[in-house]
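Only one structure is covered here, and it is reproduced in the block below.
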Amino acid sequence: MIDKLLPCLLSGVSVGGQYALIAVGYTMVYGILRLINFAHGDIFTAAGFFMVYLAASLPLSLSLPLVILLTVALGFAVERVAYKPLRSAPRMSVMISAIGVSYLLQNLMWYITGGLAKQYPVIPWLSTSIAIGPTSTKIVTLFTPVLTIILSVALVTLIRRTKIGMAMRAVSRDFETARLMGIKIDSVISATFIIGSFLAAVGSVLYFSNYTSVTPTIGAMPGLKAFVAAVFGGIGSIPGAVIGAFVIGICENIIKMLGYTTFSDAFTFALLIVILLFKPTGLFGEKISEKV
Amino acid sequence: MKKILALCLVLVLSLSGAAFAQTIKIGVFEPASGDNGAGGKQETLGIEYANYVVPTVEVGGETFDIELVIVDNQSQTDKAVSAAQSLVDAGVSIVLGSYGSGVSMAGGEIFQSAKIPAIGCSCTNPGVTSLCDYYWRVCFLDPFQGTVMANFAMDEKAATKAYVLTQLGDDYSTGLGFYFQRAFAALGGEVVAGEFPEGTSDFTAYLNNAINDGVQVFFCPTSTTSAALIIDQAASLNVPFALMAGDTWESSVILEAAKGKNVEVFCSTFFDEKDESSTIAAEFVAGFKAWMNANPDKLTNNGGNDIVAAVSALGYDAYMVAIEAIKTADTAVPDALTLILPSVVHEGVTGAISFNEIGDANKDMAYIKKVNNETGAFDFVKTQSVADLG
Amino acid sequence: MSHVLRLENITMQFGGVVAINDLSMHIDQGEIVALIGPNGAGKTTAFNCITGVYEPTNGAVYFNDQCIVRNQPTGRMKKLYAGDNRTPCEGPRIAMTPDKITKLGIARTFQNIRLFKSQSAFENVLIGMHLRRTSNPFSATFRLNLQEEKQMRQQAMELLEIVGLGAFAYEKATSLPYGQQRRLEIARALATQPRLLLLDEPAAGMNPQETDELGEFIVRIKDDFKLTVFLIEHHMNLVMDISDRIYVIDFGRQIAHGSPAQVQDDPEVIRAYLGEEEA
Amino acid sequence: MKKSTRMIIGFLLLALLFLAVWLIERAMGTNSMVITVLKKGAVYALIAVSMNLLNGFTGLFSLGQAGFMLVGAYTYAVFTIPMAKRMAVYQYYQGGIIQFEIPFFLAILLAGVVAALFAALIGMPVLRLKSDYLAIATLGFAEIIRAIIQYDKLGPITNGSNLLKTYPTFTTVLFPFVVSAVCIGIILLLIHSTYGRAFKAIRDDEIAAEAMGINLFRHKQLAFVVSSFFAGVGGALLAMYQGTVQANAFKSAMTYEILLIVVIGGMGSVSGSVMASFLFIACSEWWMRFLDSELMIGTFKVPLLRSGFRMVVFSILIMLVVLFYRRGIMGDRELSFDMFRRRKGVASK
């Protein structure tokens, strides 16, 4: 039994860690803008392609930071171009804009790559295989959850202790009041997108070191799953998103182990619906009621 | 304003048909993007080379230029419908392709309703021809290919248990997997099956299941996109079994993925460039290589090297069969080609081609190749025909 | 003793905040009763409890002796409960949804006008009539209910005439001036054929003359439609003019109750409105 | 103009349109791109209007449309494949277990009914959710439906994840036009009935609508079921248009595409959705196709033009609409005689 379970848990925890890094981006944006940033999964994919093209001509030590920089710039640009002009528009319009951006990014990547899968460069240390008990795996599998936890602890500290963190909390509590209190809403939102994109870039490096080919639509599914993870954990809550992501990653792999492979994706959504029905605020979410 | 614009477009489109009366159009219905983009490009190369070799055809005493109308079906059945429609709209006489069975089946429906014949190059699912009266093909079928690989697994790898992994919604993958499974079970072997949805990147769960089930071979007829991931992950898991697949895996994508890794990969295919027994084949290989090497774009489309893929040879053969049909019918009217195709016989690069009543080529030879992990090339293992199988 | 509306020990608590504390009151047929109190006293919350928008933490509401809302603290709320009345009301939980309560005959207007923005004044009133339909989706779609539809349109027009908006029937609701929007809300509420009408600050934003007219208007529709009226209002002249009785609440608690004259002189009320005099 | 004259003129115009379509088909032949665009446009018009009924008129942000289309398309295909072809279509399942076929018009109706049944079941839990949670839950359900249909064990019915084909398809372009027109007509009647007014009330202000005695859940359920019924019919038409159908194609991307059509046409405008559908399909299938193929003018190779460029330009155009022209072609108005008259009136003043 342990022979079966160990590899399954290993890849579950690893996938979970990667989902977590994406989920944090979703949960932060949702917490502040009340927007499901459908384009977040595509930003994750774009980070993968940045790496593919940069590593072809630059050494890793240069391309790695450049990838993160470019991804952050992309996330920032998407917010400025597609979401900022709609700040006073109904929520549905912003969500449609997000869907439009996702459509655009996917088509753009399809065009640039010619729609073919690209091989992700090998990152020496991460891609090395090591043996664990009866099975073996890449180092990245073990490294991912560790890094995820370190990053999320850092992020939680940032939000608890720093001035920008306090501003973020204020904005997510009450948009209008925070504005009246002199908080620069736009910079807070930009900061949120920058952090989210940064984590997506890190997640992308880990993800593609493990699964080494990048296609234009590859980010869509992990993106949706990460969003489900964020809802599961209670949207707006960072520890919630991380825990939700690990739960989904592990469950998904157990389902595959049991042979119900057709349903590995569907399961995530079933979980989402169950959560929404029985605990709409997720594990750690707060209840918000509308004033009449 | 919009109406006027539409009207102009209608006019332009209808005129364009009349303006170039001296050309015959042949549609190339291949994926240039998506999961099967790499293979589709290689098949298109074969057709383009054939067009380079035979650019004109004599019909009714006049010489006609042959124009290739190339569309991208994006490896997806819904996109294939649009692509097929644009071929029909362009007024092609006959269609060649496609790499991938699902898109061929989807396109076949459109060609059938437009009454335009099509010749499949490397689509191996039986449904392509059996469900469409306007489809022929120049390659062998999955029931044969599956049986060949099942026998190979039994005989050469002494396998008693196999894991079969197929992609949901991919007709090629499901079909070949199904026939392998049936043949392997008929030979007394035991099969464990798994499916993965499109866009899967994590195959470790399937590989681990296979390890735990103690299989000796892992049969995964998938697109090259998934193949690269499967090979990489199998290598990092140090799997104790061999990976086996069908014709799609004869691709430089596989070679790149398996190079320098500790994993055994076998695939069956239609053709071997090193097989010098046929002069037609030898001539083709030499000419094709020279043509590609003279043109960097073509070389890129072939995956960056000048290894001749079997699908290129099939694309070449399909084009030649089409030319043969036009010559015999002495016209390029689709209806006439449809009537003449069943009787066309052609000595092709991949062997003699003649069609049975369903529209399939009477072919019974498969080549089995193995990836050489050190050189990053295919090693020829053996040929196998239905007769060998007894 | 049969009252049109009866509140029994209503407490509404949001988390630890007690918005209404042990409020009991009753309204009889044909009365105009006002609910007044300083800002934030819990007046609108009381309306929301009656109409089913909020579920009170404790207490019951009866409409013509039928219980429409009843609850008592359960679960986590049991520990958290900070209302005055610690003995919970009897009986199982009842929580009718707002639409059911409206169907029984309680209609309301909103403090911060909630008209259907994209619709014309006429359509706003028509929507109010939807709940009294006899058609089903099928007959309505295929126009098998032409007679009823015709009647609805006629009645809606009449209602608009009554509130003096006949000329503006096809104007977009949100393009009307503030005072007319308030009257449109009343017309819309009347369209549901209520027995009891709850008006949440109907005179807010009106000038003295408009307010006077509104007072007369309320009395008139009360008589014409045989209504009972329960209103929240800050315009004291209006309240004193038309009310039969007045309830005064402060910090969610009832501090006075009686005829306009009685309430006016009540020291508690004066203190609540003007603040504590410094000793 | 009197209402009755207006109706007569409207019907005459519609008849004229049908005649025009028929003439085009006669003149151009069934294989031309115009006909393809007209066919697909008509199918998408119905689907877009059905989605607009939910998103534009009832204010329910549902992203499940592809799932219901999938159910409709499969229902249609499964029940109309001729007996003689079943063995070959269900090649891995010994011909499947459904050993009968029904007439195609019944199958289209059944497609709608089955989709509506699914919607009724799914609606019960999800319609209680608010805006974006509803969106993501319906999106999830569409994915679940797709997974179920692809499930190997259901293969004898659905043919697993494999293609379905050889069922009856369009013989004339008028067929999708008539079916779509009838269906859209019914939706229009519903929108202009007292129930339609209730839908719009819910969209404008849920709390006020409930206070006016409108049972939120029941009306949302009604809109959801009706919308899904027509999405199912639309799915059946799409299957007929394509000639083949496969669960794999009904991804969330398909829903997004339809949503974008609705947005371009204008949320809450039936005529807008119809116009946007034809425009969208004509652009993506026809007018912008040239962007996908390399073009040489003399020896000069026009830059950027190659496979995929069409979709890039297309999505940029859509983004421009979403950002700067948010109300779409029609906003929430409808194409009507008054529209032209009022404009004239303003001009003459």
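Letters are used for the chains, namely A, B, C and D, taken in the order the chains are written, and counting of residues starts over at 1 for each.
Definition applied: a contact is a pair of C-beta atoms (placed from the backbone, for glycine too) under 8 Å apart; a residue touches a chain by one contact, two chains touch by 3 or more.
Because the structure is a prediction, the values reported are computed rather than measured.
Peer 1: Quick one: which chains contact chain A and chain C both?
Peer 2: Common contact partners of chain A and chain C, which must touch each of the two, are D.
Peer 1: Please flag the chain sitting at the greatest distance from chain D, going by CA centroids.
Peer 2: C
Peer 1: Could you put a whole-Å number on the gap between the CA centroids of chain A and chain B?
Peer 2: That gives a centre separation of 37 Å.
Peer 1: Quick check: how many Å separate the C-alpha centres of chain B and chain C?
Peer 2: Computed from C-alpha means, the inter-chain centre distance equals 73 Å.
Peer 1: Take the average of all CA coordinates in chain A, do the same for chain D, and state the distance between these two points in whole angstrom.
Peer 2: Between these chains, centre-to-centre, one finds 32 Å.
Peer 1: Calculate how many whole Å lie between the centre of chain C and the centre of chain D, each centre taken as the average of the chain's C-alpha atoms.
Peer 2: 43
Peer 1: In chain A, what residues contact two or more other chains?
Peer 2: Within chain A, the residues that touch at least two other chains are 110, 114-115, 217, 220, 262, 265, 292.
Peer 1: Identify all positions of chain D at which a residue touches two or more other chains, and write them in rising order.
Peer 2: 147, 150, 152, 207, 307-308
Peer 1: Check each residue of chain B and list the ones that touch at least two other chains.
Peer 2: 32-33, 72, 168, 195, 197
Peer 1: Quick check on the complex: what are the chain C residues that touch chain D?
Peer 2: 51, 53, 97-100, 102-103, 107-108, 110, 114-119, 123, 126-131, 133, 135, 137, 140-143, 149, 152, 188-189, 191-192
Peer 1: Where on chain B is chain A touching in the complex?
Peer 2: 32-35, 37-38, 72, 74, 168, 194-197, 199, 201-202, 204-206, 208-209, 211-212, 224-225, 228-229, 232-233, 235-238, 253, 256-257
Peer 1: How about chain A: which of its residues touch chain B in the complex?
Peer 2: Those residues of chain A that touch chain B are 3-4, 7-8, 11, 15, 110, 114-117, 119, 127, 129, 131, 135-138, 207, 210-213, 215, 217-218, 220-221, 253, 256-257, 259, 261-262, 264-265.
Peer 1: State the interface residues of chain B toward chain D in the complex, per the touch definition above.
Peer 2: Those residues of chain B that touch chain D are 6, 9-10, 13-14, 32-33, 70, 72, 76-78, 81-82, 85-86, 88-89, 102, 105-106, 108-110, 112-114, 126-127, 130-131, 168-171, 174-175, 178, 195, 197-198.
Peer 1: Which residues of chain D touch chain C once you look at their complex with the stated criterion?
Peer 2: Residues 186, 189-190, 193-195, 197-198, 200-201, 203-205, 207-216, 222, 226, 268, 332 of chain D touch chain C in their complex.
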